[in-house]
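We call the chains A, B, C, D, E and F, going by the order they appear; numbering starts again at 1 in every chain.
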Amino acid sequence: MRITAYRKAHFNAAHRLYRQDWDDKKNAAIFGKCNNPHYHGHNYDLTVGVTGDIDPETGYLIDLKILKDIIKKEVENALDHKNLNLEVPEFKELNPTVENIAVVIYNKIKRVLDERFELEITLYETPRNFVVYKG
Amino acid sequence: MRITAYRKAHFNAAHRLYRQDWDDKKNAAIFGKCNNPHYHGHNYDLTVGVTGDIDPETGYLIDLKILKDIIKKEVENALDHKNLNLEVPEFKELNPTVENIAVVIYNKIKRVLDERFELEITLYETPRNFVVYKG
Amino acid sequence: MRITAYRKAHFNAAHRLYRQDWDDKKNAAIFGKCNNPHYHGHNYDLTVGVTGDIDPETGYLIDLKILKDIIKKEVENALDHKNLNLEVPEFKELNPTVENIAVVIYNKIKRVLDERFELEITLYETPRNFVVYKG
Amino acid sequence: MRITAYRKAHFNAAHRLYRQDWDDKKNAAIFGKCNNPHYHGHNYDLTVGVTGDIDPETGYLIDLKILKDIIKKEVENALDHKNLNLEVPEFKELNPTVENIAVVIYNKIKRVLDERFELEITLYETPRNFVVYKG
Amino acid sequence: MRITAYRKAHFNAAHRLYRQDWDDKKNAAIFGKCNNPHYHGHNYDLTVGVTGDIDPETGYLIDLKILKDIIKKEVENALDHKNLNLEVPEFKELNPTVENIAVVIYNKIKRVLDERFELEITLYETPRNFVVYKG
Amino acid sequence: MRITAYRKAHFNAAHRLYRQDWDDKKNAAIFGKCNNPHYHGHNYDLTVGVTGDIDPETGYLIDLKILKDIIKKEVENALDHKNLNLEVPEFKELNPTVENIAVVIYNKIKRVLDERFELEITLYETPRNFVVYKG
């Protein structure tokens, strides 16, 4: 019996969108207000979905406490109250768009999640903009 | 890297459900309160999802400002503060159920959206009733 | 022990804003898109608050079932799936702005509510616009 | 034209997680606070999704009133204000995890739903934990 | 400069409504489904509001971490995943209506909060029913 | 007839909490993660409430379009996608706590709002923390 279980989490961070190999004019043209060199920030709302078979013994897909701890360690400790551009190694060369942040979170969780599970990341950057990434 | 990006929007409109080729009695029996000849109305909450590959140069799937402008032009300008039955050409012959409104919105956006994207429409008619249409 | 208990409800309706004693030009100038002669509509989200003393015997301020029934009878039956301008007597001469709708709902409930309670009406016309009226 | 229509509902219930064939120590180790022998409880938020083709005559996928009545009869009447372990036959031998409750709701609705529809159950146990089950 | 700062929290619990000094018939008549002797349960959403003057040195009304810790210790540890009737001393003789639970939470927090603050408790029992208590 | 009308808005910004006249150690001790010298950020959800008498001629308290334009000009243009510490003059010497941001917003709107209205600012810094300021 295949099911998906979801756990919601939350972090906030500062970022700016830009490419080091573009000049200021091109960065401003492409990324607009999100290119502000003094940074701006967001409350990111995260939903992590895990798909697999219900364990007939416990009735759990996964003990959600395990998933909560993975999110705490891999996502919240790494990203919460951080400047993504300056303090998070994955964004040293990678533009921290909401798409790329979702991919980074997927990869960080995938590495430590039991391989029998499929993974799905929903990430809200604002209440009106969000992405879904399934690897 | 395939991802779906979503943008939320909002419009409100009046409508009634009925078929011109049915008599009043049949219209009332099938559509109940929604058949009120004086119209009623809704706040429609819309989520537009676009699926494709992340552009490795920008880190964007699509510049959400482009998507926002498409929604403004194709949906909000056409439907907001309108009487769907009387003022929106697509519903001249088509019953404006939430299912049909979602299909009309899908077709209007699909026509102008870059063809490399898949499209997905979520439309809430009330906080408890909504539909998802993917073409 | 003074407390306020709240009950949420919901109705949807069509309306237009205008004054019969103004010409079309003035109505359009003051009420903009809301003046559309073909009507538009909303999902109205209503929260009814009742203030008084907790009954020491039951631990209730008011049996919320009683409040739910009052809302059903006085508000939902009167306004849901209606055209406020054409079908609701209170708006025969009164412009159905969200402010006036809140006052009408207050008066309808006040009339039948036990007089030991104070009453408070919160009415959302859209997810971003709402009013609070306390008599 | 394939579409999915959703209807939201709500019920609340008491439950505890445990297996009769495990001793208290193992039950406590695996299920933690959820194993409390005096029970705890939740407000369960349910979204029922139905997928099929839009009826070209009515513009409906399904009359949502029919779906609402099915949910009322099969889910709300059976589970609302109940102790799932003691009063709901399906959980006599089955641990009432959110995964298993979703499967039970799926099976109860599937049995009475027109077989041309696919069914999808979303069940929130808390605002942060939920599951999706599609059979 | 007088301001109110709010912190949200969450707990879930089982309860039933009844008075020991009433017979079963009267309890059932007054409390309906909430009187179920096998208990039912809720996710309680709590908002704690604290009013006072902004500290000109820090710009804080209160360090919200202090408020969060008070809520954790006084409310969550005492009520979360509990049977209110059987396991919480305050409800030994007191009917655990949402009104009374709000009063109990107010008293528990008031006792440990710096006395220069006013306190306000908002407690949701379901998404549609809630109370506000200010002492 | 006295009523309060509310309009919601949204902006996001980067900030850090600190006092220039304190050393790093004291700043870190008092403001914790919020003191990160590289900044972090938030989506701020704002609700502006205006209280006064309903205009009997229009049925409006205030044309909400006027209020929307004030919020756009005084708040969104000044704060959205900004670094509050570096780019907003009001926070040159003032710590940008959520309390102080609410006071600054109150003062900016109060200055341009018709003086017959009372003003009320609700500001969410995260989904769980918010303040209300009424001057």
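The working rule: a contact is a pair of C-beta atoms (placed from the backbone, for glycine too) under 8 Å apart; a residue touches a chain by one contact, two chains touch by 3 or more.
Here the structure is a predicted model, which means the values were calculated and not measured.
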item	value
Lowest number of touching-chain links that must be crossed from chain A to chain C	2
Per Cα centroids, the chain farthest from chain B	E
Interface with more contacting C-beta pairs, comparing B-C to A-B	B-C
Intercentroid distance (Cα basis), chain F paired with chain B, Å	34
Distance from the mean Cα position of chain D to that of chain B, given in whole angstrom	29
Sequence positions of chain B contacting 2 or more other chains	127
Pairs of chains, among all present, that meet the touch criterion	A-B, A-D, A-F, B-C, B-D, C-E, C-F, D-E, E-F
Touch list for chain D against partner chain A, complex	17, 19, 30-32, 94-100, 102-103, 127-134
Footprint of chain A on chain B - complex, ascending	1-9, 49, 54, 57-61, 63-65
In the complex, chain C residues that touch chain B	10, 12-15, 33-34, 36, 38-43, 45, 80-83, 86-87, 126-127
